[in-house]
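In what follows, subunit A forms one complex with subunit B and a second complex with subunit C.
Moving on to the complex of A and B:
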């Protein structure tokens, strides 16, 4: 009923601007509105109806409808509803009122469709390049359908440098990353530092943007994409694998057999166990507490082994196909998984007991990297970061998928909003995951693992899916298409929103707290940039270009 | 209480003992289901190209030398060992082996190439029995991947239209 209620609320206020509405199920709502109404509608959803902003999607729909398409996705977590506001834009003039002014969280997403699809968000507060590499020519938009997947645009300029903003008055610039001793993955923050205090920053990331969405919509096929989706992340790959499959299933209304749903739930929770234990270890490593780093990774190892026994690989499970799963859990594996969970619980309990009272760790993490409820709402923070600030959201409960509606578990929250609260939330969530897997093993019924798909999938349908990854909500949006592949597939990883919260978290705190603040969102990005060296004797600064670095490496190896 | 928690943490460490495995001196056996390097069995392969059509990494190439001879080449570079080729193979000619120490500086160590004698039904393209419409063959007739440059030639359209069929016939005439 909630979908219809929300639609009626929108109709009451914007009746003339609403062109069409689809309610394929009670937990999905697609509203097509006129372009001029997009900003007021989104503002109404976000501010008055208190929806959570999820993501914006730009798509080149010209070959099908002759127009561009933009979708702004929102979630009503308490009402178990995912909602998408869509609008078509003319092919010759794809411009749209930016919503980033009223929905701050849409900042990146709008810049992304500006880069990739060439839809101009008019009135965007910070319309700077986000995704495309520095040398990419203006006016070439790789996600347009007339841009081939393997095309190198004319005018690509390796030499072109990215124009960073000027730091504010009185501040020094301290580059942080892409290579940093305590940051395992590359991202570049230009920190504006006044003395020891961070006053602001500029972020430059997307250094390994590989264009897999383009690959999916032009080269791969429905059942090949799950294997590639899994490679979006080396830690929570299965999440993307499941989220993609569910988005397509939701678009094509394919029912998944119950056994497959339980198997998906089990594998997702196994992944959460490994990810949380890994994160607790890494966080301790960042603050210099290597003892616990070693121990939590030791405790994690049997989880990797059982995942390998079930799926054939420690981490990349290659689990889902459209309509089902590929790996079954035999009775012997069931028994083994049970005993591993018992051992894990027995080993993790004393660790958590000790850590929760560890004053040193608290001294290092309490009050650090604070993101409060308002920040969560405005920047759309998700997962343990939001839960640590007392925002009670969890897709497993709010937007139940797979078999989560058939198991009983608690959503762990804390109220500090700081790094310490995130440690507590993650440490306790481990026990909930163990609970969920035990219930699944108990309730899992015999039956097929794969739905029978007799026909090709319908064309032009929309599908949404939110999956709770260890680090937050992973959201996939799919438009089904011709030739056995989707027309558009948009992935929003949880870090996409959480990273946007980092500037607020690190503002006005010590430079030394930067690493753990960033580490506390469990960031997930990857890559390479240039290298800067300073000769200590002459104070000469030399910036190494990629060519020089490559040359240097080759000279050494041959 | 912090001192106590330090003792508890020390206890956790002491109880664990030594857990480091003697690898690489001695390798752990891998589980039965382990997905290692795929091995192609030329004796079983019927050359249906189902694996090539369903490889997410596009690491399996097929080239038809003539009416009777088809070459299938596995490149092994981007292969993610997902095991889809073994799943869809109607003859179970591909097994996911237990080999995982595949690092090499000569890619030929990993690559496999099999030459197949094809009998008549080659053009129907239906000897591959797909599990669902999502896996069906997208290219019927002759396949012309670029084996020399190890490049996969795939049309941006998944299904052959009229024009492309004509092109294929031209290849046959050549």
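Moving on to the complex of A and C:
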């Protein structure tokens, strides 16, 4: 109904440019348009129809259609609709009008397909290298199908340095990262600081690319990928695991048994509990409040234990296969989970009460790292960051998956848009997660955990899936393919969008607020850096050459 | 004999501070751990840490290794010199070697050690650290100086044994003394550089700032100086504001003195464990408020209140 409405709206305006449309279900819409229409269509969706920008995908479709493929994904959250605008580009001249001028949130995604697939976004406002390492040769695009997964490109230039922008007048450059005590993973913020005030910054990340998407497209199989997917992130791995499985299921229209859906919901909420409690601890550590850091991690620990009892692991649950789940919750575990939730609730309530009254913590977080509604719209911010600014989005309610349509919960919002509001939102979401798990345990019926899949999965189908990770919407895009593996699998973790909002958050703020502002989006660099080969360089007592290091690493793995 | 007494006393005080300081640190860590539901390291851990660091290779690093070395020696030496001038269960050993003014200078000099350390490292983060340290010093040092001067005004003398014996409460009504007691209690955390005022080091923001290039024995000495600071400032605080019982016969007076010092360490621990770090601008505003109050106390004192 909604999908049809939106398609009609588009057809009314761009009838000549729309080549074909797919409406496999009421909550999915795929529109194929002519390349020349891509910019006006996206602008219309984003500005006039108020769609939320999700991600852009570039794919090398030459072996199948002889062309390159670009997809811009949007979400209509209130109408429960995920929508993808696709276009094919000629193999000999993969160029496309950039939409980043009108849809600012597409800045990174377009630079990414420029780097990896070699599709040129014409007229991009900031066409700098994003993903590939500094010394990577121009013209080598690792996500192209003729680029082998283990290929090392010729002409890697160790001497080549990234050209950073000139710092503004009167500012000194403070290198925040690649390694910093509050960054758990490498990322480089080049801060322009005047006295104690941050006047601007440039981001250079993607330092630990592991080539996960490439491996999935060339080496792994459908049911191996979920295990790889959850290794994208050490904190919200299950999210990627479920999102991938759902994307494939939606592409191949595979139904999942109800018990499996409840089990997925329970594990996702267990993951949210542990992630939010972990974040509260880290945020407190950043502002030097170590007592609450330790206490929230103590409260969190039983969650890790129950996760281990259910899945065999504290983290990395290896939960999903296509069409089902691998772990069941026995009646004994059910009882134990219930008692853990009761204890968690009893312990977390006084903490939240105390935190909400704490003036000292508010002094450090109120009015800090502000991202308002406009910023959320323009940069496509998601999750607690958006909800803290009063943007009422939550994939669990807006794009229901697993068993979320059968449980009752509130979407927590606040209106400050600052770090304090994010603290409040996350602290309260813990209670909602507890509520959801309790309802699932109540409603879960006996039944199979795995759908029976008799046939090969169909080829060339598109699948979208959005899962509400602890940090926001995690979006997966899949094109099914031959040889029991997808042709293209694109992961967009929430941090990918939220990180793009950080420069605006920290501008004209005290340097001391930088760490907590960055920390407040709960950044997950490993989620963002999921592709490509590694550029290893270090200076220890002995200076290793990159070749030696690569040799060492390879010797260990073989 | 006349010379030997103070020298022996001074050495004794220095030795006591060096020995007790890691214990105070250990106590602080253990208590913090208990507040945080942790087991915590053994109370003796700070001694092991120092020994371990002292046994490591002495690496020259930063812009100016020489200055880096000087900064450490200066920091520790200043703190230990102050130890000779402060009564610690016994009368101040080098009472006649200097007066309260010297004490004020030495307290400032201890901060200069940190500045030099930051300059020697020459990295952006350490420069940020020393700019913060400098701002803190400018706003903070006058508070202790005013407390000492208030005492001196009441006592009519800058002699250490008079000033550091509760002289702030002298005069007619002890009003100025009470005000300064409140001011210093509220800023004590900053003098000993603990949360919420560990801003110049702020590990999670500027990576220990001035100390970032230090390692091995030099780091050990710096850490030792910081631990000693906690003891020295506590001793000064006790001398200035809580002198009662110190004149009791040995070992009673001595025990009372250390009990008070440990009580202060406990207070520091509690405050540190229950607060988040302030930003430098928030801290300076806070110190400025205290400074205004302290100036009022100074005026009160000069009119004999």
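The rule we apply is simple: the second predicted complex is superposed on the first by the 525 of 558 C-alpha atoms of A that agree within 3 Å, B and C clash if a C-alpha of one lies under 4 Å from a C-alpha of the other, contacts with A are read in each partner's own complex, and residues count from 1 in each chain.
We adopt the following convention: a contact is a pair of C-beta atoms (placed from the backbone, for glycine too) under 8 Å apart; a residue touches a chain by one contact, two chains touch by 3 or more.
The model shown is predicted, which means the values in this text are computed figures rather than measured ones.
K.L.:
Would subunit B and subunit C fit next to each other on subunit A once aligned, or clash?
P.N.:
After superposition on subunit A, which the two structures share, subunit B sits beside subunit C with no clash.
K.L.:
Should A:309 be classified as contacting the first partner (subunit B), the second (subunit C), both, or neither?
P.N.:
first
K.L.:
Which holds for A:515: it touches subunit B only (first), subunit C only (second), both, or neither?
P.N.:
Second partner only, subunit C.
K.L.:
Thinking of the overlay built on chain A, is A:346 touched by subunit B (first), by subunit C (second), by both, or by neither?
P.N.:
In the superposition, A:346 touches no partner, neither subunit B nor subunit C.
K.L.:
Does the superposition put A:173 against subunit B (first), subunit C (second), both, or neither?
P.N.:
second
K.L.:
Report for A:208: first if it touches subunit B alone, second if subunit C alone, otherwise both or neither.
P.N.:
Touch status of A:208: no partner.
K.L.:
After the superposition on A, what does A:360 contact: first (subunit B), second (subunit C), both or neither?
P.N.:
both
K.L.:
Does the superposition put A:298 against subunit B (first), subunit C (second), both, or neither?
P.N.:
both
K.L.:
Mind telling me which of the two, subunit B or subunit C, contacts the most residues of subunit A?
P.N.:
Of the two chains, more subunit A residues are contacted by B.
K.L.:
Examine A:284 and indicate which partner it touches, taking first as subunit B and second as subunit C; both and neither are also allowed.
P.N.:
second
K.L.:
May I ask for the angle at the C-alpha centre of subunit A between those of subunit B and subunit C, rounded to a multiple of 10 degrees?
P.N.:
In the superposed arrangement it comes to 100 degrees.
K.L.:
Who does A:322 touch here: subunit B (first), subunit C (second), both, or neither?
P.N.:
First partner only, subunit B.
K.L.:
Just how close are subunit B and subunit C at their nearest CA atoms in the overlay, in Å?
P.N.:
Comparing every C-alpha of subunit B with every C-alpha of subunit C, the smallest gap is 5 Å.
K.L.:
Considering each complex separately, which residues of subunit A are in contact with subunit B in the first and with subunit C in the second?
P.N.:
Shared contact residues on subunit A: 291, 294-295, 298, 360.
K.L.:
Help me check something: in the complex, which residues belonging to subunit B touch subunit A?
P.N.:
On the subunit B side, the touching residues are 1-2, 4-6, 8-13, 16, 19, 30-31, 33-35, 54-58, 80-84, 87, 96, 131-136, 138, 154, 156-159.
K.L.:
Which residues of subunit A touch subunit B in the complex?
P.N.:
That would be residues 148-149, 218-225, 227-228, 231, 291-292, 294-295, 298, 301, 305, 308-313, 316, 318, 321-323, 326-327, 347, 350-351, 353-355, 357-360, 450, 452-457, 483-485 of subunit A.
K.L.:
Spell out the residues on subunit C that touch subunit A in their complex, using ranges where they run on.
P.N.:
Subunit C residues touching subunit A: 32, 35-38, 124-125, 128, 131-132, 195-196, 198-199, 202-207, 273-282.
K.L.:
Any idea which subunit A residues touch subunit C in the complex?
P.N.:
Going by the criterion above, the answer is residues 172-175, 180-182, 193, 195-196, 284-291, 293-295, 298, 360-361, 363-364, 510-515.
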